[in-house]
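One chain, subunit A, appears in both complexes that follow, with subunit B as partner in the first and subunit C in the second.
On to the complex of A and B.
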């Protein structure tokens, strides 16, 4: 399903793809495959079920079809309260060692830029990429493949507990464009790793980021993602495979981005694994926030939990598609999913599709979805105690979204997450009385 | 008898209603083109406007493709191999039941729906659709006194063309989907019902469907119009005899409720599901939709789906009038190789519209059961309210239960809730029953009936009993 506006993209992509350095044949093959898939399929239209609620017209129009310049500045300077000394900076899709700080990195954790590892060991890196980010026909993945060049390779092994702060900076202030990041994260031998991924942006830019992850037996990977105000278009894809008793905890929060598409495909491939997916957002204007998740329970005795909460104002649109797929052998699966949204304005819109596909009989799967406005009774309760209407709304929205962040251990960070969402709250003037 | 033997015995039990009545039927040769449609129209003596309507639908159908989005696996239907018209040969105009083909009456008796009995003992008017043409209508006189029109579709076309013309295709246009287009082109017969202003229909109206002649696709057309302030409850029940090849059933049901009218439509569907190896069985691809046109109108769908190899239907409500109400209560059971992809659409247009969805899916054997539903709250639907609950129960480890709800909300004052759960029958529950001398088979039947209670309580009395029995029969052999 092509939108017909890919004319800008096609020649640009072909040119950029052929200009890349081909370190090995398998890399070349992967780029060609992505390019050809994209040339054939283009961007999906709204008839494509997977993209039903997220129009890509503005992306397809071609403004983003050039790569952002290598010489970009890191936008914004308000730093998050991370408690992490290890800092990785990517600007316009390039890993910038000069801006990063790896001094506190333990020996058991290795961080290498993808472009560097493609120089030194192209074959094995592409083999890993093919294994952990398998080829799929997907518009952003196709482009990511065609322009596969840089990103990160992070491995952690053995008894380690480290925290890493990754900053993705997008600088489209001079001319609009896109950046493409492919990352690999592999944990083994009971390693524990926590990553704070931050997205900052200036000007018109498309950030196309995807991760392939392997969380080995007994390992735990925690990730928090924060989309800072001012981001333009963000596609973020994660494919994660969990071994026996492995744990993956993910949290995404954000506001003020024009279009966010967050895709997670988690595969519980070893017994006793657990996946936690949490998300909270406040949207305004004509923003679009789309969370698209698939949790595959491939083996028995795994658990998963999913909570996404959104507050939508202005003409903004929210979408949620959450698939829980329980395979035939995945007995004693316990999967929970909930998606709640509050609409604050007359022209905001929420579309939600919680999905269950179940092939095993001894399972406990529940999903719940609600859409509504702030509870009148609660507002009345607060107002009768002298709280102003606007303050009452703020309190209720805060309580509604804060629940998602409850388990975040870093209190200062938690407060910042909640605060950012609070600030994005539409003022009472924009609201229907 | 050991449990294994007992289960084997039950599992070997063949479809009870699998018999074929030998009635001479007057059929068109298989195949479909414009001439087939002209021939149907000619044989039925239909007016030109209907021919035009059918031809338009047919031309549109030719531009469409067999939809593939449902979560079912099916053989390709060759639409040119089907017979599009089959009618029992009319011997003469029938005035009373005595004149009905005795063999036909016997068939109804086997099904336990003897017209005689029904007429005398129960207060149910039966418009028996045997294959495609209605052969007997009872109680019409009684209904006629109240001004209620309840007749076969063909009769309605002749007697009440103004009503048919006004409402035909007004809820399900022929452009709606592949099967509704096909149905609009070739529908043979069905039921028509009109309840005049302010009349509460004093009895349950019901139709029994049977697919009989081999290789005949059934294309029923039902149209129910409830005028201002009227009330009607309509029952539809199906059983079909054994067939090896897949048979297609593509019906269209349209309901129109005007101001303050209430329509309750109940279905017990038990088409032949195919044998234990998944051979044969009916393809049930039905379009059912109700339009709550007037303010404060109400449409309620209740369905019990235990039959068919593939069920593909979404009885829907378009809540156009302010304060209108839509309801959907469903039990779908799939055993052996049956597949069901069923659910509803609730489209909220009017202010303060309310909808309720209760869906219970039961999967056994290698059955695949999918709930697919849409709750769509449009911009103008101020203070709309929806509650959806989809529960699935899995019996056995080879079956599947799937839930694909869509919730689309464009008005902040809407309150929409969706819940879904999946469970199985606990060993402790079975043990508890066994301890008290209840066999495993009965225990399962009891628990499943309890699971479906919310839906059964919506069915009219006699249907509720039938539905419970059906469920027990359909579950036989599924306990392991």
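On to the complex of A and C.
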């Protein structure tokens, strides 16, 4: 449909795809499927409802269609106060075992690079991929399939409580391009796992990352994601299935990225499951932050909670699309959803689309959305106590996003998240312009 | 020469202050001078402009100063931003303190204290020293320590909010404190505790402007001067006995007084 825009992508993608090592037929089939889908559909235009608030014109125009160099360096050096000593580094989409630290990995947790496991056990990995990341017609998933090559496979089993820090480094400083990561995370036997996923970037680049997750019965998976300033385009997709009494707690924070599309599809497939999706961000300039979530309550007695809070300045735009799908049998579902925004300028914009599809009758579903400004009375109150205008505004960002971060246990990390958002606040001088 | 000396001694000197909000005049020629260490009470009917005056002194930008001047110590107060005024020692205890969910009282107070200290080029206080300081002040105003970890004024009772204002005052150690109806919403015991807190901060050069409707507060915080504000002007001043007189007689005398004034203007 988007004629012209794929001129660069199509030949590049075909060439790259055919250059990949064909480890097995099912892998080959998946790549071909992705390639063909993309060749046919390309990137969606503005008329596509799912992409209405995320214009992909600049992505489609081709600069990103080559793969980023294998030689890339990890950008940035200010480290997060993670409480994890297991560190996995990916640079330009390749899992870099040489830069990672797996020494503290407990026996019950396994981490393998996707490309390595495609070498050793291609068939079963592709079977898992097909199961946990089923094929969908989606531009980034199509590209991800066509160029399926590397990523991570993480499994945690039994009585374990581990923390892993994953750093995605994008280095587009030599020349622009994209990277593609596919990951699997599977928890079983009551495992507890926490992952801090960090995105760092330099230069022009598209990071195309998707995860398929299985959180088995009684397991809990906590994930924090932080988009560090300087990221260009980030597509991040998560598909997660939860078993009985399984818990998924997700938090995404970020600022200073040109375009972020965060997609989550959570399926509560066993009774007593719980999903928490939280997000806090500050945007400026012509940045775009798009949170696109679907929570499927497939069975009874599950709960879900979504809280997204954005502070938008300049000409930036935020979007939130939140589908809550309650199946017919999902009685006693309790789903909460809220999306709140503070606009710092007249040209900033927030689009909220709650979508409720409820087929059960005994259901509690609430959704709320607010768009406001920083409260003048609060600012004056703070200033009247000696706090500068700038600091008062920063404090109100802290206040506004407090609910998103309040349950983050690692206080030092929490402080870094909040500080990053505060730092991203446009100064009062910027605002007057 | 002697007049000049007098001026030197003033901590606050308000001359012919006119202020409006969205075009409608509210203060219509306020005059008020305070010497260091003095306590002035401002009384007057609802809507007479007491809070407006207090907010103009604190620097609220919703009000436009049309005319007049305010000298504070050796500064032109109207030239300063609200935060500069605070750092220079002006403190307003709000009639209606706002609540700020998501910011703990402790974080707020420490940010404020450190902002003032940075301005004065004093070292910032760390968490430990701060806690020690704030604990002693909380005792002074009889405030529950639990309120430190709660969000600023969020879900506080009316009385707790007012005590919180006095706590902030005690921590920030201002030179001129303006208390806007700090007594309203307080029960008898709380009133006494807050008044004792204020009295403990009295003395030396610290001055107070106490806005109140009730002479009761002034039994505890005995003022040096009492002023009556009406339609944005001080129409009467006296000593503490004026408060008693107002308590007995109310403001009905103002109606006729003002009517007379107005008719004079008209002729």
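Just so it is clear, the second predicted complex is superposed on the first by the 422 of 433 C-alpha atoms of A that agree within 3 Å, B and C clash if a C-alpha of one lies under 4 Å from a C-alpha of the other, contacts with A are read in each partner's own complex, and residues count from 1 in each chain.
Rule of thumb we're sticking to: a residue touches a chain if its C-beta (ideal position, glycine included) is under 8 Å from a C-beta of that chain, and two chains touch if they have at least 3 such contacts.
All figures in this text were calculated on a predicted structure; none of them were measured in a lab.
Asks: Look at A:391 in the shared chain and tell me whether it touches subunit B only, subunit C only, both, or neither; answer first, second, both or neither.
Replies: A:391: touches subunit C, not subunit B.
Asks: Check the residue A:402 against both partner chains and state whether it touches subunit B (first), subunit C (second), both, or neither.
Replies: Touch partner of A:402: subunit C, not subunit B.
Asks: Does subunit B (first) or subunit C (second) touch A:207, or do both, or does neither?
Replies: neither
Asks: Please work out whether A:356 is in contact with subunit B alone, subunit C alone, both, or neither, and reply first, second, both or neither.
Replies: The answer is first: A:356 touches subunit B but not subunit C.
Asks: Which chain, subunit B or subunit C, is in touch with more residues of subunit A?
Replies: The partner that reaches more residues of subunit A in the superposed model: B.
Asks: Check the residue A:331 against both partner chains and state whether it touches subunit B (first), subunit C (second), both, or neither.
Replies: Only subunit B is touched by A:331; subunit C is not.
Asks: Please work out whether A:380 is in contact with subunit B alone, subunit C alone, both, or neither, and reply first, second, both or neither.
Replies: second
Asks: Given the complex with subunit B, which residues does subunit A contribute to the contact?
Replies: Listed in rising order, the residues are 49, 328, 331, 341, 343-373, 432.
Asks: Contact residues on subunit C for subunit A in the complex?
Replies: Where subunit C meets subunit A, its residues are 58-62, 81-83, 85-87, 91-92, 94, 97-98, 100-103, 108, 111-113, 115-116, 119, 151, 168, 172.
Asks: Report the residues of subunit A in contact with subunit C in the complex, numbered from low to high.
Replies: 375-378, 380-389, 391-392, 395-396, 398-403
Asks: With touch defined as at the start, can you tell me which subunit B residues reach subunit A in the complex?
Replies: Where subunit B meets subunit A, its residues are 69, 377, 379, 392, 394-424.
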